[in-house]
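Shared between the two complexes below is subunit A, which has subunit B as its partner in the first and subunit C in the second.
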Partner chain A sequence: MIRYLIRRLLWALVLFFAVTVVTYVIFFLIPADPAQRACGQLQTQQCLEQAHHFLGLDRPVYVQYGKFFGRLLPFDFNGLAHGHSPIKMPSLGISFANRQQVNSIVGGAAPVTASLVFGGAVTWLLISIPIGILSALRPRSLLDRGAMMFVLIGISAHPVWIGLIFLYLFAFKVHIFPLGEYCNMINPPVGTSCGGPVQWFYHLILPWITFAILFAALYVRMIRANVIETLNEDYVRTARAKGAPESKVMRSHVLRNAMLPVVTMLGMDIALGLGGAIFTENVYDLPGLGRVLRLSLDNFDLPTTQGIVVFGTVAIIAFNLIVDLLYAAIDPRIRLS
Partner chain B sequence: MSTKEHDREVIGSVGGLASAVAVETHGELGGTEEIRARGYWEQVWIRFRRDKAAIAGGVFIIFMFFAAYGGAPLAKHLLGHGPNDQFILAALNSKGAPTGPWSHVSTDLTGTCTAHCPTTLYILGSDGELGRDEFLRLLYGAQVSLEVALGATIVSMCLGILLGSIAGYFGGWVDMIVSRLTEIVMAFPFLLFVVALSSTVGQRLNDITFGGVIGRGVFTLVTVIGLFSWFYPARIVRAQVLSLREKEFVEAARMVGASDFRIIRSHLLPHLVAPIIVYSTLIVAQNILFEAGLSFLGVGIPLPQASWGNLLEEAPKYYTAQPWLMLWPGLTVLLATLAFNLLGDGLRDSFDPRSSH
Partner chain C sequence: MALLDVRDLKTYFKTDDGIVKAVDGVTFSIEKGRTLGIVGESGSGKSVTCLTIMGLNAKRNTITTGEALFKEQDLLGMGMRRLRQIRGNDIAMIFQDPMTSLNPVHKIGNQLTEAVLLHQDVTKKQARARALELLKAVGIPRAERRVDDYPHQFSGGMRQRVMIAMALINDPDLLIADEPTTALDVTTQAQILNLMNKLQEEFGSAIIIITHDLGVVAETADDVLVMYAAEVVEQGPVNQIFSRPHMPYTWGLLGSLPRLDAETERLVQITGQPPSLLRPPSGCRFHPRCPYVMDVCKQTDPPLKPVTGDIDHYAACHLDEETKDREATKLLAGMVAEARTG
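Moving on to the complex of A and B:
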């Protein structure tokens, strides 16, 4: 287990390094001139020169990258030499648009995205597990056919479109749900009714459903196939032959085995969903990472864009690492292979 | 009994059985027809023919190609205006909203015409405040959508097949490098990178249209989506090649001195045709969604080039006055994606009947 842990940790570090190199190349070498972007409206010679120096564009590429990478690390070797604490906050830089710390921008947006993604994951499991199991138990029944229709539409309809139609029908025509806005669960802004867990939940119902439909469709198909496959296994026949009650056969023989791949997929798909959240956030105006990313693209705010990509990637790497370690703890076959 | 005699007897009896079956089944037809085993592709086709949903998907795809490349120029010719032509009178009707479906719009731009003005027909109305024809833009959007989806699929499949077969066939350090590369690309948040990349690289690649053959911005999306989605086909191909390369026919080919390239091309890849076709079809469906999504976010196809995604982006601005504008582009995306998904599912079941439940 220790060896596996070390191997996974080292691999996560390699990934982190690779991701930072690629992001750096994408953001600071490819655009025509980041200094122009940094100056924004103020395109004077003086500003450009200052920006060049400030951004370190007058230094060799590897020095630039080294500084960028150094800022991302939570250790401060300079500080150590001067007798300060060696631990520091990793810094994502300063926004071109409003001179705010990118850290605080990302810090404000991340909980929104996390609410959407994790709530969405719960939603798609709540939809797909019962439908998937029931349609596997009654193949070719009306329910099964309906479920297969749902799967086809769910994987073919665009989340953006589903969101727009939902907003139009359920928020504009019939006023059941709000017209998209995010309500902070823990620290509501003073003087508004939009805050607290109830409002948070109420405002996120439509986004959750929108976000969950694609994954719910994929999961219904996967769970249905798994359950059908498991029902044909020898050990299920054995259990039935031994006279085990059907409920027990389902619970401890069929579902336990059929759900294992679902658990594996769930970890990967939550990580994937972090990217997919960008569509839902933009439709419902949720100030999450995806919405901020799009705004930063419109403003040519390179550090913010880059900060969000780096943060998103690191979050996904960390999430995958945790999930992998959990599996290894549960299933000895994984850590020994 | 000697072995020779025994062989002859066995062959004789097999021949007798076959001819007996032939007489029974083809007796009415005259009995002269030779029995022929059904080939692999014939069996696939017979299974595919029975799948009505898949046939419908295939027919719709063909229809879509005709509509995009034949119908769009034809409609432009018949209606007398182009997808990017702006008519100020189409942008605002008497209620101050974009004109609705089936309206005749005055082509008079000077505002001097008072009676019997020349008009032009807007079948689905105007796309927004610029007064462009929604119907024509949907048709031209189909071109962009197909180009991006097919182009990106070809790029990612070529990369995936190349890397996957090399990794699977050679094994060792080649496999290690390719597999690690695959894992690195898989760890990237695909969508975040594609969004970021098309916004930075986009400005440089957008103008590559190969002399107007493909739309503006198509090249960027094809490159970006292709470069980030080759890993899945690579994994499929690698796994298949890994098991195939131990087979006797590969050993035999190697023994007679076939080169590695020849073995991969003529002995391994033909076995992978089925999964590659099925997977490509499903990937096309996914890429149609990607194109629409990226254009919706404003990092895909640049305006004024029409695409389903940027039509969808424009639509919510008029959700009170012209809610239909939100319906059309989403519906075309849904139908196109559905068609490719149905075709892909049908192909998978025809290639491998065991896969269907």
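Moving on to the complex of A and C:
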């Protein structure tokens, strides 16, 4: 178990290196200069040079990467030399665009994305589990065919399109839902009217559904296939031969087994959902990681982009680890060694 | 009155290609405490017969007619609720593949107690005690500890023992064993058969054992039902079937038995393939493969007729009795001669 964890963490470190290096390289391949943004109207040679120096862009790429990596480590060797505590808070650096700490930018945006992604995951499970099971129990029925239509539409329709249609229909034409905007669940910022769990929930209903449709479609298909397959298993016949009523057969023998792969998929898809959140956040104007990421790319704001990539990578690695451990707990055939 | 009386049982499956007559008019009965062996090739309808009796065929696409009277109640006509009370309690079933017949995510003990709690008004503790008792009875070593293991921690033979324990846990009057030893290696097969014989004496259940292995039949059964292409072609007490078989298909089965005590060059095989049940051959369904085929065999399906001189022995064949006796004697003499020279 411990060895498994150590191996997983080492792999995570390798993955982390690869992802951050690639982001750095891509950034420097883009033919754009953050210093131009910094100087604005004042595009003089002197200003550009100053900006370059100020942002650290006049150093070689590997030095910049080294500094970036040094900031991320929780140890401060300089501090040690000066007799301070060697432990420090890992820092993602300072934004090129507005000189804010990237830590606080990410820290402010992450709860929004987390609300969207986790709420979205709950939404897609609430949609897909009942539909998937029912259509598996009645294959080729009207419900099953309807469900498969939904799957086709859900997989084909892009969340941006769905989001715009929803906003037009339910917020603009019929005023049942708000036109975008995010409300903090706890501690709303001073001066904002909207906040608290109810407003938070209300403002997120449309984004959740928009975000969830694609995954719900995929999950309906997956759950349907799993349940149909499990219904044909010999042990289900054994349970029936024991005299178990159909409800018990479903609950205790079919669903438990049919849902095992869903748990794995869920972990991976929540991670994948971090990427999908970009679309939904931009359509609904939610100040989450996805929207911050898009803005930072527009501004050639490397530290912010990199900060979100780092945060996302760590989140995805952590998720996969949690899912693996969870899977071992619910499937007795898998023991980590 | 017999414990189970099956009359003219027919099970048809509707498929995209047409109707598959998987069981086509099967009649047999079994008394308390007796063992009936159903023999036949794969696809001859042995398993479907028993699954139909248990009501375990998929509802959709299945047409069932006939009667299966268990203690004078028709299993085929009764409601699901009543049938569920009988399943696992009065009639229990063991399946062919022990590797897949146990639920991988539940502990062995819980799968056993589930069977008890479904049918008996006992506490969980009592059910668990009963589960332990049965695990010991079927010869699971260190049952106290293994009761909390999962199926994947058991070998195939041990899992089949668990299946048997599960089937016997409510003291059923009838135990249906669908090829209980097919998926096991030979030494384990013998252990499982011995165990079933021993437990039958102990529990007094009637047993229907489905197999394609005449050796298993010889070892366990009192009566035999030989099935070919969804029909019964010969039935009778085991000693009569083995000493005076009266159907060329049964001869083929007997001739194809591998023997360790004889130096046989090659095993005798029944030529050809089992027929399609979608479009079975006209007349006697065995005629395309039968070495004794006559014109009449191609036109009329022979009915099951009593074999003269035997009791409760029936065979479905157009050949005259003299020829059949002669051929049967020849076949058995050949087998004995081989055994001697070998």
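Throughout what follows, the second predicted complex is superposed on the first by the 290 of 337 C-alpha atoms of A that agree within 3 Å, B and C clash if a C-alpha of one lies under 4 Å from a C-alpha of the other, contacts with A are read in each partner's own complex, and residues count from 1 in each chain.
Methods note: a contact is a pair of C-beta atoms (placed from the backbone, for glycine too) under 8 Å apart; a residue touches a chain by one contact, two chains touch by 3 or more.
Please read all numbers here as calculations on a predicted model, not as lab measurements.
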item	value
When subunit B and subunit C are modelled together on subunit A, clash or fit	fit
Superposition-derived comparison: subunit B or subunit C, residues of subunit A touched	B
Which superposed partner A:242 touches (first subunit B, second subunit C, both, neither)	second
Contacts of A:279 with subunit B and subunit C, given as first, second, both or neither	first
Angle at the Cα centre of subunit A, taken between the Cα centres of subunit B and subunit C once the superposition is applied, in steps of 10 degrees	70
Contacts of A:233 with subunit B and subunit C, given as first, second, both or neither	second
Minimum C-alpha spacing, chains overlaid - subunit B and subunit C, in Å	10
List of subunit A residues in touch with subunit C within their complex	233-235, 237-245, 248, 252-253, 256-257, 260, 330-333
Touch list for subunit B against partner subunit A, complex	183-184, 187-193, 195-197, 199-201, 203-204, 285, 289, 292-293, 296-299, 312, 315-316, 319-320, 323, 326-327, 329-330, 333-334, 337-338, 341-342, 357
Contacting residues of subunit A [partner subunit B, same complex]	11, 14-15, 18-19, 22-23, 26-27, 30-32, 139, 152-153, 155-161, 164-165, 167-168, 172, 224-225, 228, 271-272, 274-276, 278-279, 282-283, 293-294, 297-298, 305-306, 308-309, 312-313, 316-317, 320
Residue ranges of subunit C in contact with subunit A within the complex	54, 56, 84-89, 92-93, 95, 97, 100-107, 114-115, 118-119, 150, 152, 163, 166
